[in-house]
Amino acid sequence: MSSLFNGGISVSLFGESHGKGIGVVLDNLPAGEPLDLDEIGVFMARRAPKKDGTSTMRSEKDIPDILSGFYEGKTTGTPLAAVIFNTDQHSQDYGNISHVARPAHADYTGYLRYNGANDPRGGGHFSGRITAPLVFAGAVCAQILKQRGITTGAHIRSIKGISDESFDPMNITAEQLETVKSRSFPVISDDAEQKMRGEILAAREAQDSVGGIVECAAVGFPAGVGSPMLDGLENVISRLVFAIPAVKGIEFGVGFGCADLFGSENNDEFALRNGKVVTLTNNHGGILGGISSGMPIIFRAAFKPTPSISRTQNSVDFKEMTEQQLLIKGRHDPCVVPRAVPCVESALNIALVSALAAEGKL
Amino acid sequence: MSSLFNGGISVSLFGESHGKGIGVVLDNLPAGEPLDLDEIGVFMARRAPKKDGTSTMRSEKDIPDILSGFYEGKTTGTPLAAVIFNTDQHSQDYGNISHVARPAHADYTGYLRYNGANDPRGGGHFSGRITAPLVFAGAVCAQILKQRGITTGAHIRSIKGISDESFDPMNITAEQLETVKSRSFPVISDDAEQKMRGEILAAREAQDSVGGIVECAAVGFPAGVGSPMLDGLENVISRLVFAIPAVKGIEFGVGFGCADLFGSENNDEFALRNGKVVTLTNNHGGILGGISSGMPIIFRAAFKPTPSISRTQNSVDFKEMTEQQLLIKGRHDPCVVPRAVPCVESALNIALVSALAAEGKL
Amino acid sequence: MSSLFNGGISVSLFGESHGKGIGVVLDNLPAGEPLDLDEIGVFMARRAPKKDGTSTMRSEKDIPDILSGFYEGKTTGTPLAAVIFNTDQHSQDYGNISHVARPAHADYTGYLRYNGANDPRGGGHFSGRITAPLVFAGAVCAQILKQRGITTGAHIRSIKGISDESFDPMNITAEQLETVKSRSFPVISDDAEQKMRGEILAAREAQDSVGGIVECAAVGFPAGVGSPMLDGLENVISRLVFAIPAVKGIEFGVGFGCADLFGSENNDEFALRNGKVVTLTNNHGGILGGISSGMPIIFRAAFKPTPSISRTQNSVDFKEMTEQQLLIKGRHDPCVVPRAVPCVESALNIALVSALAAEGKL
Amino acid sequence: MSSLFNGGISVSLFGESHGKGIGVVLDNLPAGEPLDLDEIGVFMARRAPKKDGTSTMRSEKDIPDILSGFYEGKTTGTPLAAVIFNTDQHSQDYGNISHVARPAHADYTGYLRYNGANDPRGGGHFSGRITAPLVFAGAVCAQILKQRGITTGAHIRSIKGISDESFDPMNITAEQLETVKSRSFPVISDDAEQKMRGEILAAREAQDSVGGIVECAAVGFPAGVGSPMLDGLENVISRLVFAIPAVKGIEFGVGFGCADLFGSENNDEFALRNGKVVTLTNNHGGILGGISSGMPIIFRAAFKPTPSISRTQNSVDFKEMTEQQLLIKGRHDPCVVPRAVPCVESALNIALVSALAAEGKL
């Protein structure tokens, strides 16, 4: 199904950018799980557009309305549904693009896939806006993980060649993850923030956009969770991360870098520390054979530059089958990466809760 | 489920490296599909160990026995089951490793996951050997795709810093894919072959191993297949590619490179060529919004160096909870990448057939 | 998942009787399917409480709000979500039952299943009220079927020993199905209606309740749809029919009666009529080997009497673990069967659309 | 998928009656579960043809070969695959039926479904023979249940109007279930056996066949397992029971009988016995709201008479589209019900293990 994740828990996403509402149904959550709605609000606010020029001015309040599955402050165990009603719709901004495909968007492919019946306004179901209910689901899962001593977090690893420090795959802590999450611009290094902000604003002024890389980690996740072959943590995390529009790559641990290493360099030797099995390096990113090793889980996802730019582009009216020049109006993020950070965390949170649920370990 | 892919078709893998047999059940294949068993044999032979020093000497005939779902040369539409009986088992080679975790293997994590009950011989179900039935499934799907004018193929993109030419994402042809597949060492450039072979043999002599990158493509795949969010081609392909042990990353189109591009560089403008919608560049790797664009599908997967090396390594006996030195005996590939090439193709083939089946387009 | 059907289409139900709202997400519906909302309203009204004394006085307007997946009068192909907001909540009526299990309800089993965290008000997610979104889904599917010349319908086959005529399994027509559906009390025979109404009102006066049997049929469904073993039409229909609270049995064709027949009586011989393969009898209920035969599909479902009766019953406070007498207050249907008729049709409609979708036949 | 059950555990069945082999892959079984292969053999022998005239003379040894997932006497937790090789194939017996549909068989519907490509020999994948791997799976699950104090069993409730005693839904014990299972003709009453045997042999002599009803129960199953709506025990059990060819109906507890009861009769009042919540009657069959109540689980399945009878029948050659007379040769069971008893138990066993696995309760 297009928008259904069906693992240890299920996540059924719905909605279109300019429709009545967007939302999600979470099934098989543990019962009796306390949820702090304010914290969920804080989590979701991290995805909301910023007023600092790095993202669209469109105001998305995005306060989810929980319709079911939540009673007296706790999950009931039956499906938890949440809806965000769309209030700030500017369909007219999109009036002129009609059937002229926006490059790097899904206008053309979506039209083919749904025989022209899909809602084209603002990207419809392909809109980045549908990550709002994904982030709601991720915020719920974050609390379920936290109750079990598991913390996840992400930061911007790079934007257009400017790098933040990396998470230390051996020593990353829950505190560091919480700290970076609490920043309005989620990077470790102040210097990186300044330069990245500059790059984003420059792109904006140039009527252009930039992409980047998000690095995400989990600490406190127990060893021995996951499965070989098709239901490993890498399989499930990657499936969920690619649900975020604009992701074009994912790598775990040392990732693509492992292709340039000798086995003797890449292999993480085992040792005992305080009576616990650890590895002396963490090139494997906390996952061996699809199963958690007890070391921090770490991965990176690559985001392409925002497709919507304010420059004239060559395109095609795929209904009329004529070549056309296209100038996209409306408000657009010059860089989605800062807002993508909680989306990536959410994908991880859902994957981890699902893996625990699948093994009866919640 | 650990070893079950359940999409438009289902693929249920089973087996352990040193058990009686390994195999696969394919459900929901189209009925009446002719299968050329010789071609399947040729496809599978590409995964078999080579006699040229680049892989283990272990002889794996790996001739699959089709037990059901195949009648008078065609698929029946009911489950197709195939078994490969293990004949060349050398359990004694693995006698000494028992509960000392081989670094970068799943010995320790698998032990935790299955409470010590999993078959440890030769990696058990975590063994790269379980890719044999995956490749059988991929070979079956290759023929289903070929009947519809779709060709897939892969090559070694790099090994330890030595690069082959890339596939041309705009102009790659079925002929080129067939050609590179037919080579005993699947690269485009003769020069790359020579250098890579040298690198592999050097690693072998140094009792070490090397990793690399496989690049894979499909041509002829129709536009408009796939789904947004969770069931896009990227989601499904990545889920299947991570089923191959040793994969640590995947990227589509320009992949991680997109993080360093401006939107104006990364966006693939549309145009009409011979009355058909095309893009003028193919940074998107043939997939937009999870849906095929009609351009060649192209992605790369990163493989870590073979974990089994013949050097003494530090480790832990996870049963006795003592630190141990480990020397792995037995025959091992100094580089799995050449043999991984048909595995990556297989993951793609399964994903594409599944996507077509899910939409009733087979 | 508790409330997720995941076949050729997916149906994700949510909501609690006295929560904010109940609803459903339908994924993988065909794109571009026209939906007549008025007709959906008529279909759903058949499930609404009647003012004629046969059902609860509780007013359930149950007008669903479609939030997504519907654009310009047609399905978009992306998830269709609909919500019914609960407005007529009388939680206080249920105040006194707290943890005293209502016999034949799921109060006790639900409490155990969800560790006491499930919403107990009015049965929570176990309430018959959650059939409203099921019926919405069924009404949507009815229209998809109708576009393809397929008609389904159901009637009350019996209530407390009083029988309506049976559908004629050989000659039932779309017109007859439409006619019986349009009746406020869905039976074929006027005489049966009068007697059944009498029986229901008598039960009500006796502070009791009665059960019954619903018979359901489909005509126009093409032959050759369905699958052997686990995904046959019988498997899928029964799975969906048992989603309706109060169902305790299902039988296809001659059903349990086949246990008393000789093979020579039960076997439906084949013949040609107007160049079409038919059977000369229809004991098989239109399904052979899980696959439609082209004959009318026909089955019956047994409904237990409404568990909520206004008599004092013996029970247990499962929290205090004490025996208690229980007197249930509030408004209750003396017989759910009339309102269950569209629920059974809905289960069939979803099953048939799902089977067609799974085989790419929509 | 046609032959895939994917719940808390997965069961992937494959094979055709006259193909090379039939089998099953079980995924997500608990790891470290001891399996007694002799006991599995005894369980499977109950399904094997009898030499007493009540079933076909065809000798089916049906000794399954476990290929994976089983190591040192225990499950490994990774997929358990078992194959039964077909050795006693008499394809020539079926030579004359070719494309003339056997009444009440799936020849015609299967031909349509698979476009004529399915294996027609002996019913192919539609054959009752595919219940052998289902029973293997059921025998494995029986042992997993037994380890947890759960016993299931079934008996012939009736054949052609002749009834055995019923299980006592309040007091049925593990001992009684074991006793009836150990009988070569699984009924409670000796008198019923004699009469039923007589009826079966009479049908055989009359070149006819008879159907019947199997009653199945579980004791010791914990309360609080299962889910409302679509994943209740009734939904899952019925989905699995309908996988057995020839089943045309299923009912739980008092079943269809509930349609003739008042609520005050049908409702099972609660009480405390030895500090445990029980019901004073068990009309609900141990399942309320899809969830186990702790009372014995009890249900019945109706089997149609064996379709293959030795009388001339009217039919159609669906390839030539001509009416034909058909005389079925070969060896056939005059009554499948005795051999169906362990099949029904197996469906229940799989459902119960799956439900426990889904909730992390194994």
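Side notes on the structure shown:
By letter and in written order, the chains are A, B, C and D; residue numbering begins at 1 in each of them.
Heads up, the rule we're going with is that a contact is a pair of C-beta atoms (placed from the backbone, for glycine too) under 8 Å apart; a residue touches a chain by one contact, two chains touch by 3 or more.
Since the model is a prediction, treat every value here as computed from it, not as a measurement.
With steps allowed only between chains in touch, the distance from chain B over to chain D comes to 1.
Comparing the contact residues of chain C and chain D by number shows a mostly shared set, over half of all numbers used being common to the two copies.
Of the two chain pairs considered here, A-C and A-D, the higher C-beta contact count falls to A-C. Chain A maps onto chain B through a rotation of 180 degrees [Cα fit, steps of 5, range 0 to 180].
Note: centroid distance chain C to chain D, computed from Cα atoms, is 26 Å. Work out the mean CA point of chain A and of chain C, and you get 39 Å between them. Inter-chain centre distance (chain A to chain D, centres taken as mean C-alpha positions): 46 Å.
Contacts with at least two other chains are made by residues 1-4, 13, 78, 113, 125, 228 of chain D.
Residues 1-4, 6, 9-10, 12-16, 19-23, 25, 27-28, 31-33, 65-69, 71, 74-81, 83, 113-119, 124-125 of chain C touch chain A in their complex.
Listed in rising order, the residues of chain D touching chain A in the complex are 78, 228, 357, 359-362. Residues 1-5, 11, 13, 101, 103-106, 108-110, 112-113, 125-126, 130, 158-161, 203, 206, 208-213, 223-232, 234-236, 238-240, 242-243, 245, 247-256, 258-272, 275, 277, 279-280, 283-285, 288-293, 302-309, 311, 313-316, 318, 321-323 of chain C touch chain D in their complex.
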